[in-house]
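Next come two complexes, and both contain subunit A; in the first it sits with subunit B, in the second with subunit C.
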Partner chain A sequence: MVDLNLLMSTTIYGSVLALLALGITIIYMTTKVFNFAHPRLSLVGAYLAATAMAVYVQHAGIKPNFEGSQVLGGQLIVPYPASVYIIGFLVAMVGGVLAAMFEYYVILKPLLKRGADFLKLMIATLAYDFLLMAVLLLYNTHVWIKKTLKDGLNLIATKMDFSAYDFALITQGQTYISGGFILAVAVTVVLALSLYILLFRTTLGIKMRASVENPPLAEVLGVNVERIYAISWIISGLTAGIAGFLMLLEPSSGSLKPISATSPADEIVVSAFAGSIVGGVNSIFGSIFGGFFIGYVETYVTNWLALLLGMKELFKYSRVVSMFIVGLTLMFAPQGVIALLREKKVVDRILGFVKGRRGEK
Partner chain B sequence: MVNVVSLAEIIVSFIAIYYILTVALNIKAGMTGIPDFGHAMFFAIGGIVVANFAARIAAAFVASQLGVSPGEAMHLVIAENTAIMVKINEALATRPLLSIMLIIFSIVVALLLGGLLGWIASYPALRLRGDYLAIMLLTASEGLRIFVMYTKSIMGSTPTVGLTTPALFAFTGDAGLWSTVFVASLAVIVYLFAERFHNSPSGRLFRAVRDDEDSAEAVGKNIAKVRRDAMIIGSAIAALAGVAYSFSTWIAGSSIAAQSIFDRVLWTFWPWALMILGGMSSNRGITLATIVVGALIVGPIRIYKNQIAAALPVDKLGFDPGNFASALEFTLVALLILLVLLFRPKGVIPEPPSYTLKPSELKELVKEAGEQLELSEEGQQS
Partner chain C sequence: MARAIMKLENINAGYEKLQTLFDVTLEVPEGEITVIVGPNGAGKSTLLKTMFGLTKVYTGRIVFDNKDITKLPPHERAKLGMAFIFQLENVFANLSVRENLRLAGHDLPPDVLEERIREVFETFPRLKERVDQKAGTMSGGERQMLAMAIGMIRKPKIFLIDEPTAGLAPKLAKGVLENVKRLNEQGYTIVLVEQNVKAGLEIGDKGVLVVNGRIAFDGPASELLARKDLARLYLGVGGR
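Our next item is the complex of A and B:
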């Protein structure tokens, strides 16, 4: 029997990682820097979204819909009207974009102009990470914010867990499909599709790919490379914000801890980078694959090992798995798993095997 | 209120620990160009050696006083840490010889284990370049942190509380003073080593590899060996800093926790900040930066942060004073590093040129050569 709750929370976790890995990859492709502050950008989105939702709920006098409430796995799930989630979602995106734009324009762009090498840029992103952490620490312990979140949405500001207000979509007896799960899958699919259309079906996409491939040549041909970089930072911030909103909806029994100034960004920074690296740091769609891959492998491999070895404690070590995956990928397939499969013609071989043309050369 | 003597001791210990740690980072990142973002894991080795290995050995030696067998005592160190360590520390206070042996043991074992971990970490360092290597080391450090945090036999059952350290300086009567003196003398030894190392043949080779691998290889140098050596030496010194931290009763307190010795902010980012501020690969710059930052900013903020926060009218604005002080420290270090990167990317004291001879001897040589030239010119003229 498949544990549906585990599958759903793992999928949300996987899509959070996929979105974060996507943002990291886009930035690495354009600005050539690993953005260590990226997971923290999503926390900015999450906090702004929660605050906006709380203010909206209070001012519009909206009450949670108790008629649609469900008791699932010992937790009471009380959905709000859809407008609350829409506001949260939009504000989360705005928050992510603002934090990302600040990072690009105030910190990285001046450094790039001064010709800083990758090491200095990386240190600068780490410094921005701590700056954001300090700001969030002030934010979530501020009296007004604490009161607003408590009164509006009954959230603890330093330990936000919004899963009790998940919009449970389909319920039938004890099985239900959580709204967070549907949203996670939908958002990832829509984002992947629209990125595909943007990159391969529009002029802007051609310009973007040209600027990644060869910035000086693109510039000579009249592409404003700096604007392309700014657009890539906007996309990156957007995905970080969405990841933050999904983090809010992830049940606390899952792989993510409740949101605070440090958590879960500190814990998942390794997993997010693992997703980006497994996908091959120069492939947008590879990074989406990589994020989901890391999410499922972390959860299911540790669960399976725990069952196999009879050690219940083993699930705590789930992130050590992604460390090993990063190590193995960088050692043996630095271009990413997809590139490795393509290079070794694994897919072709499998297809050939299926079609019975194995002996042919 | 902290009195002046303790304040001085705190600041000296603080500067000494950070100085050792930053020198270790400088050998790896500044001199050889290995971007080590997992510096905390080598530091943590030192903490584990003192809190776990040294404590277990102390337990085995004083087991007869506790009325248990040595094997059982070593087991109890982890199982009932707080209760048994109180007794062990009482016993250690009356056994100076054992304490001194354990101090030497901790340093030697930490150097060896730190070097070993550095040797293991040099495996990726030989194959990866630049940012990939940075990610790899950061990931390794975080992975190791999670492993240690949840493995009870290493750092106890609660990652935030950790293990009580053996009071190795209790026999002196004033543990705070003598641990400070000891840690400071370690720092002085490391300073002398770093000064000599910078201009030594291997130091120059390290920097040659950093500046241009191809030309270093062209003159017959083994690049892989150089990078491996840098990782081993740097990591061993980082582990020494971890030991110094665990010895220091002022900085570490009476116990050290898995979470705090693997802390990315404290033990990876701060050394990076100090190194960039002082100037990469510039030992005197690092010394100056550590002393100034330690004495003026970090020491006082760490000690007086609650008083500072209470003095500022932040609670009237709705902020929480305790968290405001922590945020203040994060903001200060972040702003410091960003400003240095923007306006002084080479650091306070840029990397000095390497003199293979002493500057005075060089001048002498130049003078002699000039005189000879003049003589020969005179000879030609006449």
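Our next item is the complex of A and C:
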């Protein structure tokens, strides 16, 4: 039988990875920077959103309705009004964009102007990642915990708990449909469609694709390529912020919690890059596919192995699965799975195989 | 003599710390074809790129249409009415013919853009047949056609064309130079860098010889074509 809770939490996790992989891919395609700080940008969004939501809940006089809360499928569901989520969503987006713009304008653009190569830029993103990690840990330890302890919000007192905000949409006995699950799928689909329309149906999209393919030619045709790069960083920050917001909704009953108070985003970075590499670092829609693929395979393969071997602690090592898939991808399809499918002979081979099977029957 | 639409005054330029042009002074007459020739590595393409802001100018001044453009970035020069056609990769291979043309006229009003696209299809009917085809799947000659069409969309005041016949079969190369001549007959000013010295200078009004980053000759194309000494020394043509 399908474990609905696991499916829902994995889908949210897959959406987070898809959005992160998408942001990594957009930046790699436009500025040829492998942004190691990208998953951390999502945490900036997540921390700011969680703070804004908590402050709003407190100051607007909204008390988490513990009496109206339910334990469904082993998950404590505390209902909040929709305005709390809207505020969180908006703040997360702004946080992600600001963190991305800071990285581009203050760190990378000056280096690019001095002719920094791929390696220097990559190291610079790593340095920014460490900087953000330190700031977030300081914030988490010295501001968030002290403040929440003082205010008596014990639910989120010991750490920034990224599962506190899930909500039930439909309940049937002990079974419920997670609001976070619906929201994650909806947001990812809407974002992917919007991006498709932007890239393939608008002049800005043509400019972006042109600037990616041949920046000097785009420039001589009057396209301000630097502005296009800045727009790419804004989109990347936006997707990171939204991914951060979705992290707040992932039910803790899921097998994988991407964040811990002591090492936020250190682990998810592996899976996010795996999503980007599996989908193809030059394919926007490939990265979305890659994110979901890694999310599901990582969770279900670990789950299956844990059951098979009777070792629950195996979940701690779930990222090994991602690394294994990255290894296979780099060995057999270095351009990513989507690029492999685009090759006509591969499609022909698959079609031939299917036709052959049908013929046998 | 025609008015100079572009003037380069004592230009020293290059790529970051590598200087390749030395004290270049040059005028480009309006409505004419100026052909830049010279041995390999002499700085012909660098000179053309410098006109469009694609290199670093250390000292000197560039004036286009009575405006100092020395410090303007390339995308601003494009808006002033300059078009540049690269030697290679001069179209967007992953975009369709229509998308390439739409990009070229991205800041024109939609109705004007459609009208311009119709006009270039009249000049290059072959492109109309391939309007939804990706540029990367077209032949070399067709790509050069598209590259010129891209330049024409904005109706620029000047075309800077970098070795358009490089790598093309002689028959196709002849067709490309005929297209350049046709563009000029439509009133466009053209600066052409050409490896095929004889064919290039034959369609040109003014000839410029660049040697080691300096101007070695600046005068009528027919005169440069007739200078056997220069041709033999620097261009590998002109008999023994």
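Going forward, the second predicted complex is superposed on the first by the 297 of 361 C-alpha atoms of A that agree within 3 Å, B and C clash if a C-alpha of one lies under 4 Å from a C-alpha of the other, contacts with A are read in each partner's own complex, and residues count from 1 in each chain.
Heads up, the rule we're going with is that a residue touches a chain if its C-beta (ideal position, glycine included) is under 8 Å from a C-beta of that chain, and two chains touch if they have at least 3 such contacts.
On a predicted model such as this, the values are computed, not experimentally measured, just so you know.
Which of the two partners, first being subunit B and second being subunit C, lies in contact with A:V269: first, second, both, or neither?
First partner only, subunit B.
Does the superposition put A:E213 against subunit B (first), subunit C (second), both, or neither?
Second partner only, subunit C.
Comparing subunit B against subunit C, which has contacts with more of the residues in subunit A?
If we count touched residues of subunit A for both partners, the winner is B.
Return first, second, both or neither, reflecting whether A:F118 touches subunit B, subunit C, both chains, or no partner chain.
first
First (subunit B), second (subunit C), both or neither: which does A:L340 touch?
neither
Overlap of the subunit B and subunit C footprints on subunit A, residue-wise?
In subunit A, no position sits in both the subunit B and subunit C interfaces.
Touching residues of subunit A toward subunit B in the complex: what are they?
33-34, 36, 107, 110-111, 114, 116, 118-120, 122-124, 126-128, 130-131, 133-135, 137-138, 141-144, 266, 269-270, 273-274, 277, 313, 316-317, 319-320, 322-324, 326-327, 330-331, 334
So in the complex, which bits of subunit B are touching subunit A?
Within the complex, subunit B touches subunit A at residues 29, 35, 37, 124, 127-128, 130-132, 134-136, 138-140, 142-144, 146-147, 150, 264-265, 269, 272-273, 276, 318-320, 323-324, 326-328, 330-331, 333-335, 337-338, 341-342, 345.
Spell out the part of subunit A that touches subunit C in their complex, as residue ranges.
Within the complex, subunit A touches subunit C at residues 115, 203, 206-207, 209-210, 213-214, 216-225.
Can you check the complex and tell me which residues of subunit C touch subunit A?
16, 52, 54, 73-75, 78-79, 83-84, 86, 89-95, 99, 102-104, 106-107, 150, 154
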